[in-house]
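Dumping the structure here so I can ask a few things about it.
Letters are used for the chains, namely A, B, C and D, taken in the order the chains are written, and counting of residues starts over at 1 for each.
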Amino acid sequence: MQLGLVGLGKMGFNMRDRLRAHDHEVIGYDPRPEVTDVDSLAALAGALQAPRVVWVMVPSGTVTRETITELATVLDEGDLVIDGGNSRFTEDKIHADLLAEHGIGFLDCGVSGGIWGLENGYGLMVGGSDENVARVMPIFDALRPEGERADGFVHAGPVGAGHYSKMIHNGIEYGLMHAYAEGFELLEAEDLVTDVHGVLRAWTKGTVVRSWLLDLLVKALDEDPNFAEISGYTEDSGEGRWTVEEAINHAVPAPVISAALFARFASRQSDSPAMKAVSALRNQFGGHAVQRVSESG
Amino acid sequence: MQLGLVGLGKMGFNMRDRLRAHDHEVIGYDPRPEVTDVDSLAALAGALQAPRVVWVMVPSGTVTRETITELATVLDEGDLVIDGGNSRFTEDKIHADLLAEHGIGFLDCGVSGGIWGLENGYGLMVGGSDENVARVMPIFDALRPEGERADGFVHAGPVGAGHYSKMIHNGIEYGLMHAYAEGFELLEAEDLVTDVHGVLRAWTKGTVVRSWLLDLLVKALDEDPNFAEISGYTEDSGEGRWTVEEAINHAVPAPVISAALFARFASRQSDSPAMKAVSALRNQFGGHAVQRVSESG
Amino acid sequence: MQLGLVGLGKMGFNMRDRLRAHDHEVIGYDPRPEVTDVDSLAALAGALQAPRVVWVMVPSGTVTRETITELATVLDEGDLVIDGGNSRFTEDKIHADLLAEHGIGFLDCGVSGGIWGLENGYGLMVGGSDENVARVMPIFDALRPEGERADGFVHAGPVGAGHYSKMIHNGIEYGLMHAYAEGFELLEAEDLVTDVHGVLRAWTKGTVVRSWLLDLLVKALDEDPNFAEISGYTEDSGEGRWTVEEAINHAVPAPVISAALFARFASRQSDSPAMKAVSALRNQFGGHAVQRVSESG
Amino acid sequence: MQLGLVGLGKMGFNMRDRLRAHDHEVIGYDPRPEVTDVDSLAALAGALQAPRVVWVMVPSGTVTRETITELATVLDEGDLVIDGGNSRFTEDKIHADLLAEHGIGFLDCGVSGGIWGLENGYGLMVGGSDENVARVMPIFDALRPEGERADGFVHAGPVGAGHYSKMIHNGIEYGLMHAYAEGFELLEAEDLVTDVHGVLRAWTKGTVVRSWLLDLLVKALDEDPNFAEISGYTEDSGEGRWTVEEAINHAVPAPVISAALFARFASRQSDSPAMKAVSALRNQFGGHAVQRVSESG
């Protein structure tokens, strides 16, 4: 089928390739002339046959809001917009309502798989009406991994359910990564273990902890033994924070995911104000020696 | 090759089958007459040709200690014992020394894979000398999964390194399981998500969080939707505790693994003494209503 | 000086008493006829001499919003409103702007001390302009504990700083309470300690952990030895959640405060969906026995 | 009464002063000639009238073990030794048995109060027999704070109960300090709060979070505003680790105390191996930019 695709970054660019490889007609728009197929959203609308389906794959937040707002003006009644970016799920109802005022439909779709999705297919979690989901199914089928549809695609619920599911997916990802990371550090810390890299690789088949993330961890060590070249400074991109906020909203204990999130925060501090306070306190009551700033390495 | 195998429980029984299927001669000993091949450890020693190799696959702690102590008396100089159970790595040196007094060699081998290892092969982490490892390699090759040796087997270091690695493997497992568990609870908590089971299944291919544990989680929900039949009461079997203790010994922060461990402790409490104290405190300073024991469900 | 006081609940009622004992003229309004001095907010405005000062001490959220919205209509230019309730600090700017449209000033004031404040005085954290703070200082001086002003009162910053500080105060409170609670449970768990109550009492003087909360914990045990009559089921009233949300907003690691918050969430679950998932997983890979719902106590 | 006191360091030196100020006869021994009253443990035994009471106040571990072992040889049947240091409670039974072989009694006594105990008195938690406790009571009464005995002294149980209680005391201390520390960092992080120091000071009277540790935190800020001179690098001295290990032994969830402990571990890492692994993983699956070692500050 025919699809308009807005945003040809790391994800959108690959998705266009994968869709075309599955014989869909994709017209892409991106502000960067070297990758775009058309010059503007209006031109994109012009190039698509009504009723149109437009997939938005741009940074969450302001850019997504602006894109959908503009699409509401260039599209027509009966068209359909899919937000495939990492929008917070609370945005979806707002976008659906905004488009509904113009008779335009909306689906939210969480997309997982990163740069590997081009080859492996993408895990897809969709929110919206049955009718709209059915309409885009050929596209979903092309994007998801080969095999059973249900192993890489879900219609998770009404508008918002797709991005909610993707947010939780990413929250889990934080926890999984940190579990492996703690294990890695514990292996490194023990002199008895002389082949940490080998231990991790030996876990990739047959063990309880085998996973795609573990495969990637081994691959990362293949490329940079002992992580000699990499700093522990680690960004976070929103979904981990939102997941913990939803845990709070729903009164769900989330000690693992929040620990993983806090570890990222800590990784970006050159010194911890909290630990300065602890150190100062110890000095006050116990006369414990403290490390002066001038002494630290 | 020929192998003596002590302990034919859930793990050892399957391992005997897998080894025999790979054309190794296995003589098994177990106190239960219905599964054993010989009547005693002495009979096992008698049935094996020197130099013997005996794999011990019995519960960690007292049983393993007693088994190895007895093997030291029935085996001869030049024989070799492998502890494939879940012994704490600090036991390994003790066992190696105990056997060395009789000229008997020792390897420790962490074995992962659970009841699925019979079919998929087992992940193996081994500690000991190069010479002893080489001697048992045909057995290791039969037990490990098909494919590259390094994907399911590692000689991790000297005696103790195998069980240390297995302990960390299990510690990671605690963290991974709890990350999925938090995500599951967060999906269940949100009304928008009408197909939690479907969301989890849709993650099994293409996504960043795909793993064998996730496959099992989906399988568990296939068998018991919404976990209606299962209680949250969860045992722990030692390795998680040991992992946190090693984190303390090595001054390695392990917030994720310890959170997963503590959640298991909490799952076994009918009421939390700590939370009684918190509730009592709130009542003291704020006049907040507390729930009396007689009111709780 | 003269003060209007809206809300004569557990906190406001005591504050009226304390202020009157310090020779201030307080006119209180509350919807409950048995405690109120006037019949309505309009009557309160009528009874006060301009320029008026009105202290709002009502539940945070909707009730505070409605009260301030109505005060904006019954008060006059030059009057001043203080929100002494537990409003989220993000509300303060909204309330200040709402009142400023009518030329009415605004201060936010976090008040700590609970039911003990009547006697001991209240810790006060105030946000707003120097001018407005100076105007209400006689009231603040009467409410705060005896002694140095700075030991029980702070002008923390502009509008919002008072409630932000109070929120953090309460977040810390969560952490402190849970630290004692874990210690209490650890004392209870050890057979060697035959007088847990006595240990806690012995900490109330001279030790590093002495505090008002510890005094209350001992008092609570005096009244209910072993907390036999109290359930661990524990509510939370917002500030703990907001504190963790601010930790997320500011990328500040807050493992202690969040752990205390999550423990409250867990205390209200009869069974944990997360732990059901963990239990189901263990059963899947290890054939570990699980506790069926029908078996649990 | 007469007391032998072994160890005249930061704690023992002050305790000798306090006991003498209470008209007890204290003969102190320390290897440092400038502080000691006698030249050796044998000389100490010679200078005391039988039946002797000797208080040991030396570093826990090897030094305490050696001191008690030597005391067993220089003291006589009917004498009594008190270990007032920070020994792990599991040592107490060993020391009691060692002394009992010579007919010498033993008490373990946890002592809290740090360098402030000289003036304020020390919180005391004692383990041992009623008879031995009664014998030393005049000393305990002199060391503990003025006022009710039960507010600063407890006979917590049999041998070991004193040090167990002190260990838990210190574990709680970790949690309390970190709760304040997180609050401090959260205040510092918010621009609205222009007087963090003032906020903390305003909490010292009347509030729920008032405590001696809070007083010390304010004092520390008085001396070093913003903690400009202090590094966050923070040691730990054993009791926090032991507390978490006891939590594990007793299957007691201890998320707060363990979080405080792990934060200290993290404070001593120049870069986190775990976070390197997380960063490497993010780079693998998402093509996320990582910070190279050469870029970090």
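The rule is simple: contacts are C-beta pairs under 8 Å (C-beta built on N, C-alpha and C of every residue); 3 or more make two chains touch, one makes a residue touch a chain.
This is a predicted model, so every value here is computed, not measured.
Under the contact definition stated at the top, the chains bordering both chain A and chain B are C, D.
At the far end from chain D, in terms of centres built from Cα atoms, lies A.
A count of C-beta contacts for the chain pairs A-D and B-D puts A-D on top. With angles rounded to a multiple of 5, the C-alpha fit of chain B against chain C returns 180 degrees of rotation.
Centre-to-centre spacing of chain A and chain D amounts to 46 Å, using the average Cα coordinate of each chain. One finds 32 Å separating the Cα centroids of chain C and chain D. Computed from the mean C-alpha positions, the centre of chain B lies at a distance of 37 Å from the centre of chain D. Multi-chain contact residues, meaning those touching two or more other chains, occur in chain A at positions 114, 178, 180, 182, 185, 189, 208, 213, 247, 252-255, 259-260, 262-263, 266, 272, 274, 285.
Those residues of chain D lying in contact with chain A across their complex are 10, 114-116, 177-178, 180-182, 184-185, 188-189, 213, 216-217, 219-221, 224, 227-235, 237, 255, 260, 263-264, 266-267, 270-288, 290-293, 295-297.
Considering their complex, residues 89, 112-114, 117, 120-125, 127, 144-145, 147, 150-158, 160-161, 164-165, 168-176, 178-180, 182-183, 185-187, 189-190, 192-195, 198-199, 201-214, 243, 246-247, 250, 252-257, 259-260, 262-263 of chain A touch chain B.
On chain D, the positions that touch chain B within their shared complex are 208, 241, 244-245, 247-248, 251-255, 258-259, 261-263, 265-266, 268, 272, 274, 285.
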